[in-house]
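In the two complexes that follow, subunit A is the common piece, with subunit B as its partner first and subunit C second.
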Partner chain A sequence: MSDAFVLPEWAALAPALVLATTALLLFVYDSISPKSTNRAAIASIAAAGALVSLATAVWFILAGTGAEGVDAGYDLWFVVDEPGAGEGAISVFGGQLIVDQMALFFMVVVSVVTALVAISSYDYMAGHAYQAEYYSLLLLAATGMSTMAAANSLVTIFIALELASLPSYALVAILKDNRGSVEAGLKYFLIGALSSAIFVYGISLVYGATGHLQLESIAETIEAGGADAYGGILGLGILMLIGGFAFKTASVPFHFWAPEAYEGAPAPIAAFLSSASKAAGFVILFRVFTTAFPLEVTTDVIGLEWTHAFIILAIVTMTVGNFAAATQQNVKRMLAYSSVGHAGYAMIGLAGLTVDGGELVLGAAMMHLLVYGFMNTGAFLFVALAEYWGVGRTFEDYRGLASRAPIACAAVAVFMFSLAGIPPFGGFWSKYFLFLGSIEAAATNSAMLVVAAALVINSALSLYYYSRLVKAVWIDDPVTGFDRDFGGTPTGLYTAIVFAAIMTVVLLPGFGPVADVAIDAASAILV
Partner chain B sequence: MSVGIEHYVILSLALFCIGLFGVLTRRNALMFLMSVELMLNAANINLIAFAFYHGNLTGQVFALFTMALAAAEVAVGLGIILVLYRNFRDVDVTVPSAMRW
Partner chain C sequence: MMIETLLAVTFAGALVTFLAPNRIAGKLAFAISLIPAGLSLWLFTAFDGSGNALLEGGELAWENQATWISLGAYDISWYVGLDGISLPLVVLTTILTTLAIVSSWTPIDMRESQFYGLVLFIEANLIGVFVALDFFMWFIFWEAVLIPMYLLIGVWGGPRRKYAAIKFFIYTNVASLLMFGAFMVLVFSLEVTSFALPEIAQAMVNGGPESFAGVAGSTIASLVFVAMFIGFAVKVPVVPFHTWLPDAHVEAPTPASVLLAGVLLKMGTYALLRFNFTMFPDQLEVYAIPIAAIAVISVIYGAMLALAQTDLKRIVAYSSVSSMGYVILGLIAFTHFGVGGATFQMVSHGLISGLMFMAVGVIYNATHTRMVTDMSGMADRMPIAVGILIAGAFGYMGLPLMSGFAAEYFIFFGAFGSDMLMYAPAFTALAMFGIVIVAGYLLFAMQRTLFGPYRLETDYEVGRAPLHDVAPMFVLLGLIIALGVAPELIFEMILDSVDPILDLGGDA
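So, the complex of A and B:
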């Protein structure tokens, strides 16, 4: 083992630290030249920060940081193949934060989406007064989401969650003179404040039942029987925690903010919230329930399995999301409800856990969130492009766009078919693994058969409304007077859309390694 | 005579329910914010009482964090309510209703 290049333990948090530093850098830039109209410089700083964060996270994954068999804290540079060298996860600040493969996996998702949003915002936010503020809020929210991926105690989870939420409220309402944006910001904030109050009350009850806030200590207390007398309080606390997570992941019963917030928010922010924020919500959901409340011992204390709650939530969420999406006329609202539906798919990852298994289904949920990060961000950025050109908001208004923008419309076809889960694209593979995982879990819990059936039925239904958009842009006749010039081709938006489309396709041959990483990460936290 | 832990929990639960009731019935955005503050402080009572009960300081320290975060949340919330007033000339949360499904 060479110690030529040894990093301290906290360096494992580099992806989040880079994002935080970039946000502060933007503040410094803004305070030095507050009147600066050099939007290119500001947007490039933001995009560069997100890309550096992405590069560090990918490097750490490849170097095996936090993986099984790597000496904790050292050899971030060198891959050490020493099986049995100990638990790989690097825990920082007395176990308050933990960097393992799952944390890095979600840091990748967050930074990719942040980079795409930063690049596309360059065009979308042109002419807006608060450039540096916009980008630093974006990066602060991304820092929060990145920290959520690593949070390993209810304290850090709550702080990271608020760090992600507070800038998001401001970002949704950033078009201060636009009534839709303000309304969206208000609704997002009100529901967010309510759900975080419920969440923190849930934390206080879990603390009351166990006396700990650190996730492993909670599990140890429950295992040792320390919470046996407080089964009711613990159960109520867990239920309230689920409420908080449901808000962050936009799933039933706290999903109704999503269509409003996404419709009113600037489209890149809608992309950011629906992809990165949702993924970050899921990573803490996965970590809390796999680490702090091990299925078997928690069942003994609270009297019923928490997987049942997730089975119901998964089925209801995907059904509500897809049926509501099918009735929409507004493209952005359709995408918003579809994102609720996808939260239901990802929730299968927890519903399918069993006492001695579930790596496949949990890994599949993580893969789905990664693929979703590309295809959904791309879809929202296409809406951003349409808004940039001043095309209307409904399916009708999108008719015949392909004659004006064939490349973007080809990309949107990729996103839509991938979201629907049509075979040649990334979205098919993650849904396929989810389906396989559900079937596997059905061996011990027959309710999972219903979940698997709901997954298939909902995917089939979703093809209806996704293909409606593809039909509108490619097949329908253009709206009359449609061949007027929209005012140029925005480079940033196009770059982001094309990159997201390429990644959605490239994930097809690249799905093997992605699946390996995700399933490894899932089995590491299920130990 | 010491006060039992269950009294604290009942107090905090009552406070939480008052806050929740306010959230569900009040139409004024500022009253909504105050109700949310009640709910957050209900959690703080719990945290501090349980910290005393379990004999560790984790809960008390976390209560400090919660207060700071509640203040931050109010700051952002008031900013949003301010732009709400500028756009709609009202702080009634039911007035902005352009978006419905």
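So, the complex of A and C:
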């Protein structure tokens, strides 16, 4: 590829850089025209930025950026830092950031969700002040999440995490006149601050035990026996890190902010937090534990396999999320608890790692987060549509919506059945591969049989509350007593919902390439 | 690529219809459904396969295999093909759907585009179930039938539609989960590299499962056999898993009933034939007597339940339980005519029960009641519709020269001489007694509703049914008589595909 167009190394971060640039562009726009109410222009800039970031990330994945092996990428004319393709992960800024296939995979998830949220916010945020602020905060948070995907040292992880979190707090509370929104923002902020504190303390303990912040160096120190004297401190540090991640991914025991924050937040923001933010939380979780704390050597030092913690967390999280979701009357809270449940499913990706490897289960978790990025975002955007129409919040209020909006309700049926994991939707594959991965891991660690059983049982039970929404909109008689013509078919919301639905369906026949990328990415970081 | 075209056209048609305006949806759906119907008839005439799809020596028609997802230890592929068992069922599906669409023009008067879109979506997935030869592909189509049927019953159904829809959904979904889990265990314990059904069937023939998770291979095979049998038995349904059926049928709108009885029940028996009765010859011998007992109980008990009903639709619904019992009996006989006759009965019952549900639906459209006690003397007012209903009932009872007779004759003939089933003559004799009860409840119900002085307890004017209500019934009647006069139209290809299965059992 001598005639290839060669990009500098830092260009591998382009997906994140595009998001940051777009955020700055919105600031510039806002400072030139501070009172602008040109929603179309602002939303287009934001959505275009997210889409460019998406396109870049997909391009890099196809080109094999950061992948291993000569045939890792297609023979495209673009490569990063030739002969970058096929030479393994590209590390930037002295290894503080790293771009490999896993990073790009999650950058895709983040920018897809950001684009969907930006497009749908065009309608949802109509009539609100702070248009430019809203979108620039959104893109800044997305930048943080995209950076989280590439962060390779505990410091960059923490900075990226805060970059993602701080705008999120503001976004949750952006409906300033709405008490629920402000309250949700405050709760989210307080719990977020607490968990950040725990996380930083965890970092300091790990640093104390190993003397390093960069993930590979931590692993090297542990392997070389440098942390043997501080096994307890290291173990405690790891535990605290898990706490910080649990907050970001909305898993037990730091899940209880999620229903509060999602319920009060504008629904597109709830979609953003429950899909993109969760995925970003998982990518650092995956990276830290596979890179910094290799299972075998870490077990020797701290005396416990950390997979056991994730086995317990996975089972408890999925069960708690499911049972709490089943008892909700409020649709948004149901979705919030369901997103807790799905954090439990994704956590199988770490629980299923064994000394023999486990790229299948880790890859399956990545696939699940990608599919989840479509189906869960779509579900929350449907709630956004209902809020836009002023339908109400409970299952009761949603009754008979299908006679008014058949297309959106067909889409919500797709999302719900896909979340439940039944065919013919993308959610079926990712849950199946999680199941298959669990069974495979059970050969080494028989506790994974329990996880597999919990996955199946919880999926079966989850059908109850997911189908409730389908039943409400499709089968129940329409709510009488008020005019059901809410006025208008919001273009942006419909575009986003229909696109998410199409992708959820298309991921069924088209799952092969996604699976290949995820498995390659997973095996690359497990080496 | 013919099968792919068939599927693609039907899926695209479903989408187009879903988005079309309500006003034209019915006619549009009919026009679209003619394409798959014509295509499948063309497939029927051009069929050049032989043997069984899953077993060695089977030559599939329009076979196509492509890797779908290659991940983990087992490949998942797009794998389609037709043999003599699946092709008649595909044709049944497409013809019945077209006729069901025409028969819904009268009763369906709200949200038409969604209704017809879902009907076509069901059709596409049903075709998929019958053509799929990869377990995952098959399972996805199998499950995808449920959601639209759930909506058809739930949105356009009768007064207790919510209860019926949920019950249908839960029963069939739990059954699917059980079956899915069992099959996974089977695959994990086999020496296979893909989910292609022929490969799995071959592995079962070559020694069956090895021990898995500390359980012996033969035990696994037995457990999987039982779990899968139960999973499919719910779908068929056989006693005691039949309780969802009358509820679903009674509440479902007529066209949904037609598809439900005509094709959805056949998914269960088709799957039994493809999985339990093809892959587990050893287990069949062990469980022959319990299965035969279930079959006979379904026949007799289903017929008795039908005898006790006063709702015409419930009568027809319970009679399906009875007829499906015959299918199971024919299968477990495991003889040339038994299994062949059971497959023939799948098609025959699809046509006859479709006809019966349509006829009851036409009467209901006019009278707005289905209660036997609410009406009498309908023959005076609706001579054509009633005539067809009577013809259908005689088909059910097994009048010679109608397909019901051929099917039941084959089954009894095959079951009587079964080697595998002990006490086969006794089981057959008991099942034959079911015919008497069938005749009893059908004649009794017809005598009360159709004949005698005209009386109707509702305030509706009853006149002749419109042509588009009657025409599909004539088509069905024609097919029933055609298959009754010349069963070899499909019976030959069925037997050709069935015989390789019997060779595995040792004695055919």
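The rule is short, and it goes like this: the second predicted complex is superposed on the first by the 503 of 527 C-alpha atoms of A that agree within 3 Å, B and C clash if a C-alpha of one lies under 4 Å from a C-alpha of the other, contacts with A are read in each partner's own complex, and residues count from 1 in each chain.
Everything below uses one rule, namely that contacts are C-beta pairs under 8 Å (C-beta built on N, C-alpha and C of every residue); 3 or more make two chains touch, one makes a residue touch a chain.
Since the structure is predicted, the reported quantities are computational estimates derived from the model, not experimental observations.
With both structures placed on the common chain, the touch criterion links A:Tyr494 to neither subunit B nor subunit C.
In the superposition on chain A, A:Ile519 contacts subunit C only, with no contact to subunit B. When the shared chain is aligned, subunit C comes close enough to touch A:Ala460, but subunit B does not.
When both complexes are overlaid on chain A, the residue A:Phe382 reaches neither subunit B nor subunit C.
Contact with neither subunit B nor subunit C is seen for A:Tyr124 once the two complexes are overlaid on the shared chain. Once the two structures are superposed, subunit B and subunit C can be ranked by residues of subunit A touched, with B on top. Contacts of A:Ile159 after superposition: subunit B is touched, whereas subunit C is not reached.
When the two complexes are overlaid on their common chain A, residue A:Phe433 makes contact with subunit C while staying clear of subunit B. Shared contact residues of subunit A, touching subunit B in one structure and subunit C in the other, are absent. By the touch rule above, subunit C contacts subunit A in their complex via residues 18-19, 67-73, 110-111, 113-114, 125, 139-141, 143-144, 147, 151, 154-155, 161-162, 165-166, 169, 173-174, 177, 181, 184, 188, 213.
Every residue of subunit A that touches subunit B in the complex is listed here, in rising order: 154-155, 158-159, 162, 166, 169-170, 173, 176-177, 179-180, 182-187, 189-190, 193-194, 196-198, 200-201, 203-205, 207-208, 211-213, 233, 259-260, 263-264, 324, 327-328, 333.
The residues of subunit B lying in touch with subunit A in their complex are 9, 12, 16, 19, 23, 29, 32-33, 36, 39-40, 42-44, 46-47, 49-50, 53-54, 56, 58-59, 61-62, 65-66, 69, 72-73, 76-77, 79-81, 83-84, 86-88, 93, 96-99, 101. In the complex of the two chains, the subunit A residues touching subunit C come out as 360, 363, 402-403, 406-407, 410, 413, 417, 422-424, 428-429, 433, 435-437, 439-440, 449, 456, 460, 463, 467, 471, 474-476, 508-509, 511-512, 515-516, 519.
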